[in-house]
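Each chain gets a letter, A, B, C, D, E, F, G, H, I and J, in the order it is written, and its residues are counted from 1.
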Amino acid sequence: MTSVVQSLADVNQQLFEAKKTKKLSFEQIAQRMGRDEVWVAALFYGQAKPTDDEVDKLIDVLGPWVDAKAMKRHFNPHFFPERGQLTPMPPTDPTLYRLYEVVGVYGYALKSVIHEKFGDGIMSAINFSAKVDKVQKNGADTVRITYEGKWLPYDFHC
Amino acid sequence: MTSVVQSLADVNQQLFEAKKTKKLSFEQIAQRMGRDEVWVAALFYGQAKPTDDEVDKLIDVLGPWVDAKAMKRHFNPHFFPERGQLTPMPPTDPTLYRLYEVVGVYGYALKSVIHEKFGDGIMSAINFSAKVDKVQKNGADTVRITYEGKWLPYDFHC
Amino acid sequence: MTSVVQSLADVNQQLFEAKKTKKLSFEQIAQRMGRDEVWVAALFYGQAKPTDDEVDKLIDVLGPWVDAKAMKRHFNPHFFPERGQLTPMPPTDPTLYRLYEVVGVYGYALKSVIHEKFGDGIMSAINFSAKVDKVQKNGADTVRITYEGKWLPYDFHC
Amino acid sequence: MTSVVQSLADVNQQLFEAKKTKKLSFEQIAQRMGRDEVWVAALFYGQAKPTDDEVDKLIDVLGPWVDAKAMKRHFNPHFFPERGQLTPMPPTDPTLYRLYEVVGVYGYALKSVIHEKFGDGIMSAINFSAKVDKVQKNGADTVRITYEGKWLPYDFHC
Amino acid sequence: MTSVVQSLADVNQQLFEAKKTKKLSFEQIAQRMGRDEVWVAALFYGQAKPTDDEVDKLIDVLGPWVDAKAMKRHFNPHFFPERGQLTPMPPTDPTLYRLYEVVGVYGYALKSVIHEKFGDGIMSAINFSAKVDKVQKNGADTVRITYEGKWLPYDFHC
Amino acid sequence: MTSVVQSLADVNQQLFEAKKTKKLSFEQIAQRMGRDEVWVAALFYGQAKPTDDEVDKLIDVLGPWVDAKAMKRHFNPHFFPERGQLTPMPPTDPTLYRLYEVVGVYGYALKSVIHEKFGDGIMSAINFSAKVDKVQKNGADTVRITYEGKWLPYDFHC
Amino acid sequence: MTSVVQSLADVNQQLFEAKKTKKLSFEQIAQRMGRDEVWVAALFYGQAKPTDDEVDKLIDVLGPWVDAKAMKRHFNPHFFPERGQLTPMPPTDPTLYRLYEVVGVYGYALKSVIHEKFGDGIMSAINFSAKVDKVQKNGADTVRITYEGKWLPYDFHC
Amino acid sequence: MTSVVQSLADVNQQLFEAKKTKKLSFEQIAQRMGRDEVWVAALFYGQAKPTDDEVDKLIDVLGPWVDAKAMKRHFNPHFFPERGQLTPMPPTDPTLYRLYEVVGVYGYALKSVIHEKFGDGIMSAINFSAKVDKVQKNGADTVRITYEGKWLPYDFHC
Amino acid sequence: MTSVVQSLADVNQQLFEAKKTKKLSFEQIAQRMGRDEVWVAALFYGQAKPTDDEVDKLIDVLGPWVDAKAMKRHFNPHFFPERGQLTPMPPTDPTLYRLYEVVGVYGYALKSVIHEKFGDGIMSAINFSAKVDKVQKNGADTVRITYEGKWLPYDFHC
Amino acid sequence: MTSVVQSLADVNQQLFEAKKTKKLSFEQIAQRMGRDEVWVAALFYGQAKPTDDEVDKLIDVLGPWVDAKAMKRHFNPHFFPERGQLTPMPPTDPTLYRLYEVVGVYGYALKSVIHEKFGDGIMSAINFSAKVDKVQKNGADTVRITYEGKWLPYDFHC
C-alpha cells in the first residue's frame, strides 16, 4: 500500500520530487527533452531507458534538484528497465482499471478489426507510442488516448 | 478451447456465419448501419446492445442469411449484454495481450498524464468509443488505435 | 498483517492520530469541513483528493496535532490517489466481506433492475457518493447504506 | 461465456422466458406478488427461496407460460438456493464491476463509519434488503441503491 | 515467513510475551477475565475488541509485563479489529488446514442438515462462539470443537 | 452454475430424488441406517463410502425409488470417493462461507488452544465426525455444530 | 481433462486423424508443404494461419482423409487463430513444464545477455520461428530447441 | 517493485556492482572463467552454483571490487541455489514475457515434434544449457536462443 | 465434479470397467503385465504410454471386456500422454492432499538432505518409479511410499 | 527473493550458521541427537517442535555457536511451529518442483493403489516420517525417498 512512487528506485523518486519542486509538468519536461510526454512519464516510473544524452537533458531540466552523479550512475548503459511490475493486475485504481476494462469488453472487437485491416499479426507494444489529448466532443471534455504500434505480421520461417 | 465465436449465443454465431457468406467486412456493415466499425464488431461478439432500428438494419444487411425472427427475439428491449466474460485475463492471444501489456507498462504514465491534463478522475469506458486505423509511420504499416472517453471527474457529494 | 492505517502514508497516519487525540468522529470532521462523512473517511484512507481549501480546513480542524507543512506538501496539486489497493479481495474482514457478498448474491438482480429502470449502462462509481445511516426497522438497529451514482448510458460514437 | 440466464435451472430460464413473453417488469411482478423488486429478480436468478404461497403467485402472474408442476416440484420445501456462484469475481461486466469497485475504494471508509455509528459488528447480508431508485441529482439521472441490513454486534460467549 | 505473532501490532506481541513470562494458559487468563478461552486467544491475535473493563483486567492479569498505557491507547474505543488477514487461505499449517478441509469435504452436508433443521438461512459467525474440549472417545484423546452461532433466517423486505 | 446436486453421479442424484419423493429427512434416513445424519448427507453428496450393508439399507429405506442394481454397481468395493471438489473455495454461498470465515477469523485462536490442551499435532479430519444441533441460547434459535476428531500428535521416527 | 486434440475445432481433429491414418510425421508433412515442422504442428493445434495455397497443399497431402470443403471453409481469409488458450499455465505436462521452468530459472540471465548483445528491446515472438533437433552431446541423445525472433528495439516516438 | 538485483543476496549485488565498475560483459567474464555466458549471468542472479575453483576465478576477474572472503563464505559447499523465485509468472517484463508466450503458443507443437523425434519423455532442464546469439536473417538483426537439454525418456521400473 | 474416471478418454474408462467386471486389482494386472502396480494405475489414468506389446498384454488380461481395436487405435505409436491435468492443485481430496502437504512441510528439509547427499541437482521425475507398501510400524498399519528417481546433477555447458 | 533461511526466525538462522561453521551435516547432527536426518532438517527450517531434551542436545552439538538462552527461550513449551508457509506452491525450485510434479502425475495412481491395499482412508502426514537414501540402480546414482505414514481409515461416528 506504499504509493507507487515510493516503491521506485531512489533516482526515480528524486525525479518526482524535483519535478514537484520545479512545478514542471510532464509536457514541459518532454518539450525541453524533445521526447513524448507519455514516454517521459514512463521514464519517471522506471519503464523506459534514456540515452546518455537524454540523461544529461534530464539533469539540465531538473537541476539542481537531482543528483547528477547518482542519475548517471543509475541510467548507465547497463541499465535496462524491468517493465510492468508496477501495476497490479487487475488494476484496483479506477483510472487504470478503465484501460483494462476496455481490453476485456472491446478486445475481441479490436482484434477482429485489426485482422480485417492488416491480416494475421499484432500491433507492436515495443515499436510503440501513446499519447493523451484533451478534446471536446459534444461539448464535453473528452480524454483521447492514441496508441501507435508497428504492424507485425506473423512470419514463421526457420 | 472452443473458439470464442462458438461460445457466443446462437444469433451471434449466425451473424458471423452470414458475414462470412456475404463476404462483408465490419467496415462495410458499419457503413451500411451508420455505426462505428469497432462497435459493430463488439455487437457481433455480444458486447453491445443495438436499438430496434439497428436490429432491422442488421437483418437488412445480412439477410437472408440471418433468422430475422430469432434476431428480433434475442435483441429485444430486455436484452442487456453481459460484458467482458469473453476475454481470458491475462489474454493468451498475442494480439490481445499487447493491449494488456500496454496497460501494465504504460498504465501509470497514462494515469499521470491524464491527471495533469484533466485533474482527479477517469476516462469513461462507457461513454466511450474506439477505432482502428492503418497508417504509415517511417514507411511502415502502423496500427493506430484511438480511444475517446468522456472525462469523468471525481465528485462525491450526497 | 500490519493494520491498514499503518500502511498509509505518514500524513494519513497523522490524520488518524490527531482524530484520536481530539476525539472527533468522521461525522464531526465532515460537518466542520462541509463535506460528507464517508468522503472524509475515504480521504483519511488515502482514497480521495482534497482541494487546497479542504486541506486548510483539515489543518484547522485537527490542529495543532497535524503538521500543516507536511500536510500541504503531501496534498499538493500533483497528488492523485492510487485507489483501491487497500482492500484485499475477497475481503477477509467480515464487515467488508458482507458488502462483497451482496455483489455476489444480489449482483445480477441489481444489474437487471438497473437496466429495467434506466436502460443499457452503469451507475457511475466516480460521480458517486455513499452514506451510512442508523435506522430502526422492526424495532432493531439497522445499517442503511445508500449509494448514489450518476447514470451513464452506453454511448459509442467516434 | 454462456449467458448467465442459460446457466440457470430450467424453471428459472422458464421464468425469464415467461416474463419476456408477458412483457412484465420485475417491478410489476413484485407488485403482484407483494414482494420487493430486487428480491424477485434474485428469485429469478436462483438466489432466493420463495414460500409455497409465493410460488403460487408466481405461477398466477406468469401463467400459462410457466409449467406449474415443474415450478412446484423445483421450489419444494427442500429447495435451498446455492447462492453467489453466478457472479465471476472480480466481475467482468461494468455494471456489476462498479458495485465491486465501490467496495475496493470506499470499503474501509464505510467500515469505519459503520463502527463509529454502531460499534464492533457488521451489517447483516442475510436479514437484508436492497432497492434501486431512479432519482434526479443536479438535473441528471442518478442511480440510487439502498442496502438495509440488520446490525449484528460481535458477541462471543459460550 | 515471519511468525504470525511477529506480524501482530506491538501490544499484541507484548501480550504473548507477558503470557509466556507469567506461564499462563489462555484458559487461566480467560478464567480471570471472565471470558471464553478461544475469545481470549482471538484477542491476543488481534481478532477481537475488548471493552475498557476487559483491557483493565488484561493489564491486571499480565502486569507488570505489559505497558498499561500503550495497551489502553491501542484498545481505545476507536480500535476496531481488521479480521481474518492473519490466516493464509488455503492454510498451509496442518492444524489449520484440517478445519478448512472439513468445510470442503463436509460443507454441503452441513449446509443441507442446517437447512433441514432451520430453513433458509445461516449460522451467524458474528453472534458466535467456539470452544475446544479434550474428550475421550473409544479410549483415545479426541479434539472436540463446538461452534455456536445464532440462527439468521433470510429475510428480505424493504 | 449447475446446482451441486446436478453435478453428482447419477446414483447420487437418484438418492436426492428418492429422498424428495419419500419426504424423508437426512435425520430419518440416518436413524433407519444406524448412522449419523451428517454422514448420510455426505454420502448423498458423494463424500463418503458406504459398506455393502449400508448400501442395502439405503436401498431398503429409499426403495423402490432407487435402482438397486445401479446403486450396488456404483457403491462397489472399488468405489472410493474423490472428496472436496464439490465446494468452491472460498465458498460463494453464505451458509458455507460462514464456516470458512470462522477458520479465517478464529483459526489461529483455535490452533493455539488446541496446542495448549493437547500439544503439537492436529485434530484428525479422517477419524472425525460432525453434527448439527438446534439449541436455544438467550432465547434465540442457535446453530450448534460439533466437530470431533481424533487427536494426532506429530510423531516423526523412521 | 479432455485431451487437447479433442478440444480443437473439428477440422483440426480431422487433420490429426488423417495424419495418424496416413502415418505421416509432422516432418514429412512439412517437407511436402514447404514449411517448417513446428509451424505445421502449430497449424494442427490451431495456432497458425495457413494461406489458401497452403490449405490446398494440406488437402493434397492428407487427402482423401480430410474434408476439403470443410477445410477450405474453416481456413478462409477471415479465419484468425485465437492463440495460446490450449496450454494451461503453469503447464502440468512435464514436457511442456520444462520449457516453462527454463523461463523461471534462466529468464533473467537470458534477458541480461539479450540486452548486452542487442540493447533495450525484445526477441519478437511474432516474426519468429522455432525448431527441434536431435543431436548428440557427450554421447547422449540431446534435444536442441532453437528460437529465432527478430530483434525489436524499444522505439517510442509519436 | 524493488529491482530484481536489489532483491538478491549481498554478494550477488556486489557481483553486479563490480561488473559495472569494471565494465565487463557477461561474455567477457564467461571467457575468463571458461564457462558459458548465460550460466555466468544465471550465477549472478543466484540461479547457479559455482565450484570453489570458479569462485576463485570470479574473485580474480572482478577483484578488488568484490569481497573475496564474503564471496567464499557465501558460495561455500553448503550453498545450494533456490531457483526460479526471481521471475514473476506470468512475467510482466516484455523481454521475459515473449519467452513465456512462446510456451503458450508453440508449446504443444514443440511437445509433439519432440515426441515424434524422440518418443515419450522430456528435454531435461537440469542437464541443460542455453545460449543467445546475434544473427542476421533477411537482413535484420535476429535473436537466436538455443536450448540444449539431455533427452530423458520415461522409464518407470521399481 | 464429474468423477475423474468419467473425465478420461473412452478407452481408459473401458479399462476401469473391465477391471471392475473381472475383479482384478492393479497388483494382479501388474503381475500379469510384468510392470509395476503404480505404473499400471497411472496407465489407467492416462498418465503413461504403453508399448505395443503392453497393449497386447492389457487386452489379453482384460479381454473380452475391452475393445481390442479401439485400444490399439488409441495407444498407437503417436499417442503421448498429456500428463498431470487430472489432479486439481492444491488437491481437494484428503488422500491426495497429504502427499501435497508433505511437499509444503518437509520440502525444504528433503531438498537440503538431497543436496547434502548428492550435490546440486534433482531427483528425476521422469526416470522415476514409485511404489506403495503396507507395513507394520509400532503395531499399526502403515503406508510406505517409495520414490526412486535418477540423480540428475546440474550440468550447464554449451 | 530473500533466501528461505534468511526468512526464518533468528534462532533458526543461527542454527544454519553454526552448522556451517562446525561443518556438520544433518546426518551427523541427527546421529548425535538420536533423531532422523530429515526431521533435523525440518527442525532447522522451523517445521518441527523439539522437546526440551532435544533442545539441550542441539545446544550441545552446535555450541558454542548458538546462543543457548535464546534457543531455550524460542523452543519453549509454548512454541508450536506454523508449518508449510516456507514453500511457494507450485514450487519454483526444480528440486522441490519434482516432488510436486509426482503428486500431479502419479497422484491418482497412488490414491488408487493405497485404496486397494488399505481401503478408504489416507496416509497420515502427521504420524509420518520421511528419509532420503542414495542408492544405485542400473549403475546410476538414484535418489530414494521413503514416506511412512500411519494408515488412517475414514471413521465417522458421533
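FYI, a residue touches a chain if its C-beta (ideal position, glycine included) is under 8 Å from a C-beta of that chain, and two chains touch if they have at least 3 such contacts.
These are the chains along with the protein names UniProt gives them: A, B, C, D, E, F, G, H, I, J = Cyanate hydratase.
This one's a predicted model, so the numbers in the text were calculated from it and none came from an experiment.
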item	value
Count of contact steps on the shortest path from chain B (Cyanate hydratase) to chain F (Cyanate hydratase)	2
Furthest chain, CA centroid comparison against chain A (Cyanate hydratase)	F
Candidate from A-H, C-D or A-B with the same interface as G-I, over half of contact pairs in common	A-H
Rounded Å distance, chain D (Cyanate hydratase) centre to chain E (Cyanate hydratase) centre (Cα mean)	32
Chain C (Cyanate hydratase) and chain E (Cyanate hydratase): spacing of chain centres that average the CA atoms, whole Å	29
Centroid distance [mean C-alpha coordinates] between chain F (Cyanate hydratase) and chain E (Cyanate hydratase), Å	25
For chain C (Cyanate hydratase), residues that touch 2 or more chains besides their own	4, 38-39, 42, 78, 81, 83-84, 86-87, 90, 92-94, 97, 101, 104-105, 111-112, 115-116, 121-122, 124-126, 128, 130, 146, 148
Full enumeration of touching chain pairs	A-B, A-C, A-D, A-G, A-H, B-C, B-D, B-G, B-H, C-D, C-E, C-F, D-E, D-F, E-F, E-I, E-J, F-I, F-J, G-H, G-I, G-J, H-I, H-J, I-J
Chain G (Cyanate hydratase) contact footprint on chain H (Cyanate hydratase) (complex, rising order)	4, 25-27, 37-39, 41-42, 44-45, 47, 83-84, 86-87, 89-91, 93-96, 98-118, 121-125, 128, 130, 132, 134-135, 137, 140-151
Contacting residues of chain A (Cyanate hydratase) [partner chain C (Cyanate hydratase), same complex]	1-4, 19-20, 88, 92-95
Touching residues on chain A (Cyanate hydratase), where the partner in the complex is chain H (Cyanate hydratase)	4, 7-9, 76, 78, 81-87, 125-126
Chain F (Cyanate hydratase) contact footprint on chain C (Cyanate hydratase) (complex, rising order)	90, 92, 94, 97, 101, 104-105
Residue numbers on chain G (Cyanate hydratase) that touch chain A (Cyanate hydratase), as the complex places them	35-36, 38-39, 42, 48-49, 78, 80-81, 111-112, 115-116, 120-122, 124, 126-131, 146, 148, 152-158
